[in-house]
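Handing you this structure, nothing more for now.
To keep things simple, chains are lettered A, B, C and D as they appear, and every chain counts its residues starting from 1.
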Amino acid sequence: MTKKLWGGRFGKKTDPLVEEFAKSIQYDSKLAECDLLGSMIHVEILRRAGYLKNAEAAKLNKGLSSIYKSVMACAYKPDSASEDVHTDIQNKLEAKAGALASKLHTARSRNDQVAFSTKLYCKFTLLELEIGVAELISAINESAEKNKAMIIPGFTHMQHAQPVYLKDYLSAYVEMLKRDNRRLSNIFKNIKLTMGAGALAGTPIDAAKYLIKASGYAKDLGASAGEFNINMTANSLDAVSDRDFVIEILNALSMVGMHLARFSEDLIIWSTKEFGFVDIDDAFCTGSSLMPQKKNADVLELVRGYAGRLYGNLVSVLTMMKGLPLTYNRDMQLDKEPLFNSFEIVEGELKVMKGLVETLKFNKARIEEELKDEALYATDLVYYLVNKGAAFKDAHGLIGRLVKYSLDYAIAIKDMTESDLKKFSDKFIKREIVRLFDPKVSVESKKSIKR
Amino acid sequence: MTKKLWGGRFGKKTDPLVEEFAKSIQYDSKLAECDLLGSMIHVEILRRAGYLKNAEAAKLNKGLSSIYKSVMACAYKPDSASEDVHTDIQNKLEAKAGALASKLHTARSRNDQVAFSTKLYCKFTLLELEIGVAELISAINESAEKNKAMIIPGFTHMQHAQPVYLKDYLSAYVEMLKRDNRRLSNIFKNIKLTMGAGALAGTPIDAAKYLIKASGYAKDLGASAGEFNINMTANSLDAVSDRDFVIEILNALSMVGMHLARFSEDLIIWSTKEFGFVDIDDAFCTGSSLMPQKKNADVLELVRGYAGRLYGNLVSVLTMMKGLPLTYNRDMQLDKEPLFNSFEIVEGELKVMKGLVETLKFNKARIEEELKDEALYATDLVYYLVNKGAAFKDAHGLIGRLVKYSLDYAIAIKDMTESDLKKFSDKFIKREIVRLFDPKVSVESKKSIKR
Amino acid sequence: MTKKLWGGRFGKKTDPLVEEFAKSIQYDSKLAECDLLGSMIHVEILRRAGYLKNAEAAKLNKGLSSIYKSVMACAYKPDSASEDVHTDIQNKLEAKAGALASKLHTARSRNDQVAFSTKLYCKFTLLELEIGVAELISAINESAEKNKAMIIPGFTHMQHAQPVYLKDYLSAYVEMLKRDNRRLSNIFKNIKLTMGAGALAGTPIDAAKYLIKASGYAKDLGASAGEFNINMTANSLDAVSDRDFVIEILNALSMVGMHLARFSEDLIIWSTKEFGFVDIDDAFCTGSSLMPQKKNADVLELVRGYAGRLYGNLVSVLTMMKGLPLTYNRDMQLDKEPLFNSFEIVEGELKVMKGLVETLKFNKARIEEELKDEALYATDLVYYLVNKGAAFKDAHGLIGRLVKYSLDYAIAIKDMTESDLKKFSDKFIKREIVRLFDPKVSVESKKSIKR
Amino acid sequence: MTKKLWGGRFGKKTDPLVEEFAKSIQYDSKLAECDLLGSMIHVEILRRAGYLKNAEAAKLNKGLSSIYKSVMACAYKPDSASEDVHTDIQNKLEAKAGALASKLHTARSRNDQVAFSTKLYCKFTLLELEIGVAELISAINESAEKNKAMIIPGFTHMQHAQPVYLKDYLSAYVEMLKRDNRRLSNIFKNIKLTMGAGALAGTPIDAAKYLIKASGYAKDLGASAGEFNINMTANSLDAVSDRDFVIEILNALSMVGMHLARFSEDLIIWSTKEFGFVDIDDAFCTGSSLMPQKKNADVLELVRGYAGRLYGNLVSVLTMMKGLPLTYNRDMQLDKEPLFNSFEIVEGELKVMKGLVETLKFNKARIEEELKDEALYATDLVYYLVNKGAAFKDAHGLIGRLVKYSLDYAIAIKDMTESDLKKFSDKFIKREIVRLFDPKVSVESKKSIKR
């Protein structure tokens, strides 16, 4: 039987199958840094409360610091026999600080310890993700700026709708990513770090002793340091049984992934031979083991497919929390793998999408060919008639029939004679009509967007 | 073929199967009020832009107002043959205002119209939901206040952990609901009403003309009126293809439902014959067609089960949006049924839970019986030893063995002699120990929670 | 308070909010036919067991038959105040058969009654769905047969891979649909109709009396009649708390919907202006209220989007059943809306897809243009070298470099001189190479598929 | 750049971010055994088709066998720089067999290779899982047999309903698990192993050459060997783009997990102090780091919580496949992690549940105490009156009132005088009534269940 943080009351050893089934060290060792910071803060609380003498606190801190350093140097090796990272660090501390280490448990519960470490880990990671999103936004904005004069066919229902600026198309994704970052930042702010919930009922230590400034502990948090201060617990039963923050994050990451899956789908379609609107750089493509000609945008397909995993992770935790009685139940341990997995997926996606966007090329010639499609200007023809006094709905019907005539008889509207045009409406003047089939004229005629 | 907002370009009638399959009037008629408000605002925009004369605008507004009144009086009857509510209202307007009605289409697209109506509907409903959550919070707070001296066994893993105040247990749900309301309120604020996106490319009307104050339109919005003002469109492609707000709402409602499912589970278990902690009022129970003695808390079971539907609705829209190319695609019509369904479920849940909580009775006698369980005070015994100088982990092991001894030999710790106790630790003094098995002493010894 | 199947033990009326929240008549009235058939069979069981005299049984059957006829004539009007369809039919029977109707409850529980009705409804609907799938298969097969000589570019990763027969592409969907039908048929067979579970503990009636042939009851079930016979209950606790069949169906329908969503996606892409591979018939398209030229394949987009709803319905019931204690709990009432909704969606999809496929046109000219892409034949070039003794992997690398050369220098491989070709491999003989760029030669060279 | 199965056509190295993002070796190395078996079979096919001489085939087989042996001895070490397991094994083969290894690629595509290996892996694992389910069934059956005379209160809505045999309660779970095994076995049979699809278009090798008996390859498959024979491909486009079998498995595993989560929930509730129906063996419990008295059934909570992960894995793959165009797309690589994860979870669950059930103790005394609850016999009282000629519904109402009276006046029905009883019905005879409150009489009076 492995060394555990509990055991006195038990008459039998834990079945090895149970140890294997229940342990979390294989994934929660990611929390080592956060657990250690939490332990250092807990040492300070115990010192303030008189449970530790100054010298004891110093000795424990020394032990914790040395483990912390090994974590930060990527030299931390969790013992795969430990039940979880908290036990593992406790064991390592005992090896360093001896019996004194067992005082660290005072007024502390794993329920609270796990919640604290996970929240801290989320705060750290959310900060990083916000940077990743911001960098992808920059890459898209640069591409928009670089191609700012380019006009493309705008699509609804995958059909030619009206010409739009490529920069406006790209900015649509920037809008989505800005919303994503607003969400991530909001979640970050709403996660409050607290201690003192105990297992569920609080501890004998005065609440005021739990107010601790984050600065001074471990790494430099810069402008965000205030966000990492430790607060008093408002409700101890809620503190140990709340996983709202995990679900909020999994949902926000699902939405980032959903946006990137849409972008990927657009680019996959645009990079088909039939569209040919974009070239994905060789460095972001892969080939086939059978077909030597293949250049596949696998990265984009993976981003599209990962939406499934991000959604699945969200469902996983929502389902786990469904109907769970208060307070802490072991089910809640299962929040971690989905959370960590979604974090990693989105971090990876942001990086590869940034690289892909930076090297993405738009095929001007091919796009301009499609801009010749007269259908793209049908709405402008409607406005032309409306501006000459027609009711919109009538003009819409009339142009619909004109388009149908043009397709049925394979005559471009541009090439129709004025008298042909007048059969549809006597408001048509050929030289005015011809000018409308110009993408620049079309996009510049739209005035309703905030610039 | 039914009358549609399009058709000129088509050589064939729509297949009736397609009409049946694609129409949304059976569910989107809920948007009638919002569509009409949008149309009145669009009339004003067209008037400002010179597309409508004052007299024309007045006539259209008169027609729209009269339909609006019928909606508000619950007298609006959508024609089930209409494709959607927007078409239905347009048809009704034509019946009132004749050919002039066809000018309303100017510079407008259903893509934008649907987005506007849905956002407005969401804003209205979110305001109502916030009130519903607040009322449930009040009901719980009242119950907490009424029973403020009551102490209950606190549970982790469904096992007796430590005594806690019932009011603290109830406040845990208040904390969850406050987070829910913060989320709903946040989503409400982030939904910006805009017009002018057209189908995807904007309209010929100057952006500034789209700035319109909500006050003056229809019902009194009170303090929130400013939140309903119309803004310029920032990106027209995003405006018609964004459903982030729907997903955010569906996730927030899933979380409300998850919290209420947890509360329900607790109450279902507490109302079993074996627990007997609570009595659910007869008015909130139902019986059995076979077993005459049954009194079942069906309401709570439905609340628990509805978590499934709320999650399913979220998955439905997330999946629908996965990999959807820009901009608008008809798939997006399928956001409405899940959205409306989740709104209705949560509205219903909040109301029945409020009634149930208001009439809920806690069985003092039965609860006090369980408070006699000595296991609940084991942690206090540990602190007792720690306060006498033991290291926490050692004290924990020692008390664990004491509990085991007590169970194995069926002797209450309270009933053990001081010499028996001293076999475990010479720190034990019987008269001090005995005092610890008091729920009030136990809960009052916890000082770490913000009061 | 409305009339209920229970009530004696209650001291208070049910709160109207609860009645509203808990009732299911608004959706379970779909079960009327099945509930009535179940009641007629239950009458026979009661008669056999001596609980009903022959004359009583005849009178009850007369009343039930008359309600059954109104259901089959679509003249059944459920009272919206009834709790559920079972109560509603009981009330209607009382109006016809008076006090005798109250004997029908003998040895019966709604738990069992609901399970029976739902299973019967599923069996009926599964039979219909199998026909719908078979009809869609026929439509696809006809299209394949009609275009059996047509060759198209085959895609992997949305990129040109190798030429394939259109019929083989279409048959891929036939394979999926055949698997779907195998699944539906398997589920149908595994749903056993049983009676006698009571509320959870069985009834006092001998098991053998529950063996009843379906033929003779209501509508003609043809060859499937044996599948509808009533069986003894194997385990009564399981019988009332099992919803496996609902989940199996929801999953099978999700898979049908997933297949149709893939087909839809292909056709949506193929009907873009850029691909132009197919023409969707006007009767299966819709237009735009703003853009008169638009012809959108909305049907296909809805089919694609409905995958989300089908998945959501599955998640809904899976989540509802998660961690539900035995036996029946009211949560289980919430299986019906998702089940009915998924049935309806897939029934609709099968019909519109059939119509759409029957009128679908493939644009030979446009497709043939794309077949000229030399990349499609690169694998054939590899086999050419392998057949001349090259190792596959070497040949693959060599042809990869040849393709790159061809693209970089914009020279078709076909147009390269033999000496140019020999720079890559001395195995190349120009007149042999040229013949390989023929779609028919390419597809006919593949021999590995079962014909 | 790492060594890949493709590359000639590329002008640039793959970006390292892309390699990191796209590689699957970290999880698909589980497929090594299956990939190797596939390769040995492919060698035989190439030999039959004349692409390999006998000596070449022998040499390749020798290399493959040696890698296979290292896999079976758990000595296989995948190179973490390899793109996937297929590439890794190819690289290892090249190290052994030199240039000849490159002939193995002939007429083969990773698309087909991945599908084959995954299907084979699923077949192996399904066989194992069926054994795991069968063993759990045995354990439950043994517990049922051991306690075959024990009667427990049966629950609906978590309220006392009627007495039932514990063995019947336990058998309900056996029924569920038998359905689970029927599903797993059905999926196993429907997975057909095929080769010859190529990338999507087939290969130049005659279909008949793909018919290969599994026996003779690697490990002994016993009675199931025939199920592992290689078949001809029916449709090559479907073969490389089908993941139905993965979804079927993920759904079947979700249902196993759902059943086990229900069982767990029951046992968690039954092991509360308030219920006290069962004792979970110490070896299957864990403790608390803070509260020394705690004995928590964490295993059951994890099983309950894992339902979330199993559902999430299903959602993950369903979503990934939604709207995916034919044929193979890289998204499909993401089926593996959810598949492997669900397999592992359920394998673990079956093992720990078996151990837990084997050591589970039912507390006769505590259960018998609850069997005294008169409410459990109310339905028997109804039948008593019905057997004396009352209509069921009337008897139901009457007993309901009797129960209410008994509760309101705190008088046991058993203790009421005959004259009191007669106030409710003159059919009551006290000495008959008293006999009904006997659990054995109650359960034995139910005759409707197949024994």
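Everything that follows uses one rule, which is that contacts are C-beta pairs under 8 Å (C-beta built on N, C-alpha and C of every residue); 3 or more make two chains touch, one makes a residue touch a chain.
Not measured: the values here are computed from a predicted model.
Participant: State the pair with the higher C-beta contact count; candidates are C-D and B-D.
Facilitator: Output for the comparison: C-D.
Participant: Quick one: report the Å distance separating chain B from chain D, using the average Cα coordinate of each chain.
Facilitator: Chain centres of chain B and chain D, defined by C-alpha means, are spaced 33 Å apart.
Participant: Using CA atom averages as chain centres, what separation in Å is found between chain C and chain D?
Facilitator: Each chain's C-alpha centroid was found; their separation is 23 Å.
Participant: Would you pick out the residues of chain A that each touch at least 2 other chains?
Facilitator: Answer for chain A, listing residues that touch two or more other chains: 5-11, 105, 108, 111, 156-158, 161-162, 198-199, 269, 287-296, 298, 301, 304, 307-308, 311, 314-315, 318-319, 321-323, 329-330, 379, 396-400, 403.
Participant: Looking at which chains touch which, would you call it a line, ring, star, complete or other?
Facilitator: complete
Participant: Could you list, by residue number, the parts of chain A that touch chain D in their complex?
Facilitator: 4-15, 17-18, 20-22, 86, 105, 108-111, 198-199, 281-296, 298-299, 301-302, 304-309, 311-322, 329-334, 337-338, 348-349, 351-352, 355
Participant: If you look only at chain A, which of its residues touch chain C in the complex?
Facilitator: Going through chain A, the ones touching chain C are 156-162, 268-269, 271-276, 287-298, 301, 315, 318-319, 322-323, 370, 373, 375-376, 378-379, 381-382, 396-400, 402-403.
Participant: Can you name the residues of chain C that touch chain D in the complex?
Facilitator: For chain C paired with chain D, touching residues are 5-11, 51, 99-108, 111, 154-158, 161-164, 168-169, 171-172, 174-176, 179, 182-183, 186, 190, 196-207, 210, 232-238, 240-242, 244, 247-248, 251, 254-255, 258, 261-262, 264-266, 269, 304, 307-308, 311, 314-315, 318-319, 321-330, 379, 383, 386, 391-394, 396-401, 403-404, 408, 442-443, 445-451.
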